[in-house]
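A, B, C, D, E and F label the chains in the order they appear, each numbered from 1.
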Amino acid sequence: MSVTASGEPLVFLRGQCVPASQAHMRIYDLGIILGATVTEMTRTFRQAPYRLDEHLARLYRSMKVCRFDTGMSFDELRAATLQVVEHNARLLPETAELGIVNFVTAGENTLYAGAAGGGAKMVPTVCVHTFPLVFSLWRDFFTSGAHVVVPSTRHIPPQCLDPKMKYRSRLHWWVADAETHLADPKAISLLLDLDGNITECAGANFLIVRQGVVLSPTTRNILPGISRDVVIELCAELGIPFRERDLQTYDVINADEAFMSTTPYCVGPVTRINGLPIGDGRIGPITQRLLQAWSAKVGVDIVRQILDYPVPA
Amino acid sequence: MSVTASGEPLVFLRGQCVPASQAHMRIYDLGIILGATVTEMTRTFRQAPYRLDEHLARLYRSMKVCRFDTGMSFDELRAATLQVVEHNARLLPETAELGIVNFVTAGENTLYAGAAGGGAKMVPTVCVHTFPLVFSLWRDFFTSGAHVVVPSTRHIPPQCLDPKMKYRSRLHWWVADAETHLADPKAISLLLDLDGNITECAGANFLIVRQGVVLSPTTRNILPGISRDVVIELCAELGIPFRERDLQTYDVINADEAFMSTTPYCVGPVTRINGLPIGDGRIGPITQRLLQAWSAKVGVDIVRQILDYPVPA
Amino acid sequence: MSVTASGEPLVFLRGQCVPASQAHMRIYDLGIILGATVTEMTRTFRQAPYRLDEHLARLYRSMKVCRFDTGMSFDELRAATLQVVEHNARLLPETAELGIVNFVTAGENTLYAGAAGGGAKMVPTVCVHTFPLVFSLWRDFFTSGAHVVVPSTRHIPPQCLDPKMKYRSRLHWWVADAETHLADPKAISLLLDLDGNITECAGANFLIVRQGVVLSPTTRNILPGISRDVVIELCAELGIPFRERDLQTYDVINADEAFMSTTPYCVGPVTRINGLPIGDGRIGPITQRLLQAWSAKVGVDIVRQILDYPVPA
Amino acid sequence: MSVTASGEPLVFLRGQCVPASQAHMRIYDLGIILGATVTEMTRTFRQAPYRLDEHLARLYRSMKVCRFDTGMSFDELRAATLQVVEHNARLLPETAELGIVNFVTAGENTLYAGAAGGGAKMVPTVCVHTFPLVFSLWRDFFTSGAHVVVPSTRHIPPQCLDPKMKYRSRLHWWVADAETHLADPKAISLLLDLDGNITECAGANFLIVRQGVVLSPTTRNILPGISRDVVIELCAELGIPFRERDLQTYDVINADEAFMSTTPYCVGPVTRINGLPIGDGRIGPITQRLLQAWSAKVGVDIVRQILDYPVPA
Amino acid sequence: MSVTASGEPLVFLRGQCVPASQAHMRIYDLGIILGATVTEMTRTFRQAPYRLDEHLARLYRSMKVCRFDTGMSFDELRAATLQVVEHNARLLPETAELGIVNFVTAGENTLYAGAAGGGAKMVPTVCVHTFPLVFSLWRDFFTSGAHVVVPSTRHIPPQCLDPKMKYRSRLHWWVADAETHLADPKAISLLLDLDGNITECAGANFLIVRQGVVLSPTTRNILPGISRDVVIELCAELGIPFRERDLQTYDVINADEAFMSTTPYCVGPVTRINGLPIGDGRIGPITQRLLQAWSAKVGVDIVRQILDYPVPA
Amino acid sequence: MSVTASGEPLVFLRGQCVPASQAHMRIYDLGIILGATVTEMTRTFRQAPYRLDEHLARLYRSMKVCRFDTGMSFDELRAATLQVVEHNARLLPETAELGIVNFVTAGENTLYAGAAGGGAKMVPTVCVHTFPLVFSLWRDFFTSGAHVVVPSTRHIPPQCLDPKMKYRSRLHWWVADAETHLADPKAISLLLDLDGNITECAGANFLIVRQGVVLSPTTRNILPGISRDVVIELCAELGIPFRERDLQTYDVINADEAFMSTTPYCVGPVTRINGLPIGDGRIGPITQRLLQAWSAKVGVDIVRQILDYPVPA
């Protein structure tokens, strides 16, 4: 792997590390043409990638379903990822954390690109890039809690695209968000499946707490999140029962607590749904215990990190 | 609109015409991150765009659903498109025809791109590019006819993403094609909707002929293709009845003829489904009449143009 | 039928005309206990009931499905209705119009009412009452047009309760409206069926206009409204094509015009959906032609009647 | 709360206790107009309300989903309920038991009621009433067992109205019962959901016993009954495994036992489905154990109370 | 084709004509093992097969979907059929009519039959047999009309088995009939599809008449019956509008008339559904016109033939 | 029960044992006409029937749903089955094993059979027959593992025909197999339900292994196989967790192992799905442990028996 050293962040793209300002995709890439892309997002704690292997393992599962053959082994992709992170972290203040994005597309459509014959086997486009986590974006979640709204747009069912893949053909999220934002411009979309069951938020799993039990939709219609896995582990460690079952809007409205689990901010308290308070409308005690336990596990006060982050001017 | 003259094809991208080799997208574009892209593909006949206005009108309908506000009027986009076509056509032999692609994404995710605050309104990315139509790719359709295969993957239902938008979040097509190609590496996927009705092929409408009547799925679960509109017009002119109705695999297996309608090759004969011949397994007479009438309308022998196109070495 | 004369409006209830202030239902009525009620609403033009027979015929169809045997013939119910209207109209200024409500419940639950044995056959509760149409409520529809919003709650499917019956078990409308009003407190809910097709608004059919054609959902999932029947007749008289087909949110967003058809205000212009303008966002020409033609048919300027109605203090 | 003393039962209605004979609802109440009503039914044992708090808590959950704001706290409603029960119980023989009904509607439609302006915020109608339990109605269940029949009408799915609310928009039950009674006028309807899974009976949960395990549908498509909760508790106490899962008609036909759980008669044995015997067609041993354990818990022989109740002449 | 002359009816089976008493199938035939059978039933008028070619054409369409390759051409099967009919008709009185059954199974499972290797290609089993039409079975339909009942069992959807094939894997009809016969032992099952739309009766299409229009379910979920085709022709000849659309139970309950179309008795009046009368509960005028026109077309008084047929002792 | 001694295998059919060569069904049997047949297949180990009682118990459950009243008690059918097995086993080499088939049809259609009146109650046709297990057919499963392919045809849903019955109306399997064999003539069809969940293979349950846990679809949409029950028992004995849950194609593609459980070969390793390797593409360790444990339980080396079986010439 050739590397071009740089004072700016590096991006690993199509087998090379290039400065971020030169990290481009051709408009003929099937990631652009077809949304034929699978992806992962990992974050750092103290600038070290957190559960990178789990993220990459899921990426390889997604690629298997899509039959993307990158020619890169798990270890090679892991090494490239670490190299990018290591380089890019050095460019940031010590307190900064990184979001690490891996994505793989089906490759370039040579026909669009002007190639004569077409028939050449497509080589997937592999990319690794990072960005600093802007914690101030999620500050409100940790003061008043997030507001979720259920739009009329439904989540894509597994027989079309399996949500267990972290894929990027998600224009429906964009359309759903527009509906959601009619009710509240800051609200987060919570999508139902075709049968009216709760699925997930864009980029976050959604869980509720009822009578001391953490309840999650089943993996039939959600991404089995790595952060959700951490929640499951923490529940086990804290003696909090965790169960999967089909949940409906009623269950959320009448839950004691609700939260999102997600890579960038781990556990995001949710205190309202469709304008109604969940429980007493405040961040719940089990949500807080999960945040504390997670913080202890990683040696970073997750909430403090978010609340202390300066709001950009 | 500033233009950079060039000996190579131009691409209109984010308000500027740039040489194709410099037409890049940032990896932070929501077209890449989310598949949040709507598109159109127009072709030329004798190097003049065919039904460009209809294509652009549909693009604006798709953008309205997605609430993409490009700041470009229909006329401005039309002018930019024609300028790109005019320039690029000059670089090709007279006999060549162009595929013209318009696409619009939700814009760049400034967060990923390293912007501090996030909150800035996203500006959609507008792009116009062209490529020469490689007619040899479809030659077999006009000699022996295409083979369609029905995979287990289903088309995305309208309550998730409406197929009346020409959108690019279509990873399911990629997955479906992999299934289809198990049966025949050259076969084309014909997707069912969730109820088992025929929908469409990737990039082409699918129609059948039964007892002299052309039958099409309804617009509930397909793109209302511009080429399909031409077929409807031609049917009216030729006195061939045209009807929309829910069709199932049975109907295709027992059709007299079948064909695709699509921008690049107009009417593509289909002679087999799931390994079974349709009708007598040969290109049908109504399919041929439609091709002839279309050729007459545009002053180009569509079939000849395809068959005479040199196969790339 | 015994009648109690009164200076206040009369209500026909359980075989008798009683003053409105004494028109009560027992809390044991199955209309209250189970929502086991079918109904009709008719309006007057110049204080004469409009298409009363069609409304009552539909009521009898609904009763047949529910097996309500009132013991009243069509003619008897018609006579009782006309008697109530005649009396009540006399109490109003000449320019007032009446809403006339017929409803029939499954009758009283004698068990709840304290009867010992239960087993007695239930006698349906038949009621006729009127109220003055408060036209000012709909004034905005005729100045800026109504705003419809699609909530996540779906319409009840025919295999549960057939929408061709005008029934009153409609708590889902109440829940849906709460969602809708998050987006806009004045917006009207437009419900989808379980497959994502447009159905109807509470108490109004919903129709669109596209390229000069009036399009309506099919009667699979809507009430075949009497006012919608008038629209069909007017379309025939005006040479405007009318067609039934499954419509999706996309179709409404990209319609040229949209309107509701409903008893109280006949044709209610709709100019926005989910915050987006329909067509140019103004009341459309075909909508206006329908209002004019209807006005001519009934000898009342429908729009003027609404706009001139005093807004209550 | 003002109370009008009375020799007849009292009803709490719209903030007042009134004699039952004067407990009326206006025909303009949305409970009547729209079926916009949530409800609970509690029974007494030895004239003391049983699990009243659980019932009222569920009522408040239903009200939250419907956004009914009664202005009455849980404690106030509880107090009003107890007051009504206390008074009404005194009017009955010592051996009698009461059914206690709480219901709340969306309030009165002031428009129908003749109010000029409409816009006033609706105040929900709150009602508490009682009736003596006529145990003879269920005698057959405890001698030969009930017969359930599966009609073609399906239960309303959660995405329309969530069955976890005890709501009264249930005309579909009326229509379903008419179908069921074609097969057997004494049979009880057992409704399927849209996918063909067993849901519940009108006013009763439905459970089966297979190989010593009590099986119940999941709360996705049923009311989580308070009596069903008691069954779950009793199972735990008796060491009988209890599990939730999707059940189909096949499971009931081939169950060892079946029973309903419901407020008025607690556990109602079911011995036939669609004319076929369940198990050996007799009341099963686990059903009997549950009845005995429940009787012991409440100090009332539930079966004896039913069998000894005089059949009204 | 070898023929064994006989005083008893002949059956064509596996390439030979054999006496009916020797027409056996091996228990290893996939028609028995798997229900892998497609079929047709044709009747005679004046002992001449009626629309045999249409029936055989549909049989070949069914075989194509199932990929049964009998090795017999259409003409060969037609000839074999006519030979069987000719022979068998001679054994009956002149006034008798024949039911002619063609069926084709997937062939014999050689493994079950004890063959060592399995792998041999299966040869479909082709059979032609006849039976005398026992018209007395349907007499009641022509005096008081048939009673249809809608059971809870649903028709198999096209994505499992397309109803446009006349196939014999129909155990669900048997189960459905048992439900139907709980309501009325003489009633005929009318099955709904999974969405609650009317489909068909076992062996008969189901149509209704509303306001002078004959309405039929669409061919999405029914067999496009040959007798139904005759009804369509007769409607055209008589100036009766015919339309296909999704129909629900409501439509049947509120139809003016209803009837079945089917090979053995052509048009069977239906006068009740779920115990409710259709129209006035008597055989309708359009039903009668169709029967008269059909009778005229074939030179046989269809109703008289049925009513005059002696009831077997 | 009369028995005709024979040097050839006996078949029990309609109350008699007859030589296999004379074991015929009349073409009028509803097993043939309607696929109205339920069945079981039992195998022997060391020529003794394995879990015959469980198989027959399930047969009686299926018969109850279908209301087949054979007039034979469980013990009588068991005795007849054992008699057939005992006789037929003696005709085979000691190392041979038998497949034992029990099937019951709805009986003969007397109308087709020429009976005058019809009305006679149908007597179900009961049959018991055997065949030698040709183990060589499955040899490949135990060397390289089976390949499963998911066709577009879906499994019949429980509300049409419950898969918990082992019924023979399974033409859809035949059609599905034709699709599957386009991809690989040796592949086995793995059908999805209407929601895209994995169901089963024809004649075999399908299970996967993930992280040491054996996962199976739920009994909502599969046959609860007797061999699957053995797997559950073996898992318990071996300390391998076993769980039921909805599984999708994704789960199979990313499973560690997969296998079928089925009567003839007990546990059939599956190593590929849709052309993709499962796990490392080789027979998995848990699959092997199950085979070993099962072998130990029955005293027969199941794999050896299969691999050593001579391939027929």
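Please note the rule applied: a residue touches a chain if its C-beta (ideal position, glycine included) is under 8 Å from a C-beta of that chain, and two chains touch if they have at least 3 such contacts.
Note that the structure is predicted; figures quoted are calculated from it, not measured.
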Provide the labels of all chains in contact with subunit A and in contact with subunit D.
C, F
In terms of CA centroids, furthest away from subunit B sits chain D
Starting from the mean Cα coordinates of subunit D and subunit E, work out the distance between those two points in Å.
47
Mean-CA-position distance for subunit E and subunit C (Å)
44
Mean-CA-position distance for subunit E and subunit A (Å)
57
Subunit F: which residues touch two or more other chains?
65, 67, 152, 154, 157, 159, 178, 192, 196, 249
Looking at the whole structure, which two-chain pairs count as touching?
A-B, A-C, A-D, A-F, B-C, B-E, B-F, C-D, C-E, D-E, D-F, E-F
Name, in rising order, each residue of subunit F that touches subunit D in their complex.
61, 64-65, 67, 157-159, 162, 164-165, 218, 220
How about subunit A: which of its residues touch subunit B in the complex?
9, 11, 13, 20, 23-27, 29-37, 65-67, 99, 101, 103, 105-106, 111-114, 116-118, 127, 129, 131-132, 134, 136-137, 152-157, 159-161, 167-175, 178, 194, 312-313
For the complex, which residues does subunit B have touching subunit E?
192, 195-197, 245-246, 248-251, 253-254, 276
Can you tell me which positions in subunit A touch subunit C when the two form their complex?
149-152, 154, 178-179, 182-184, 192, 196, 249, 274-275
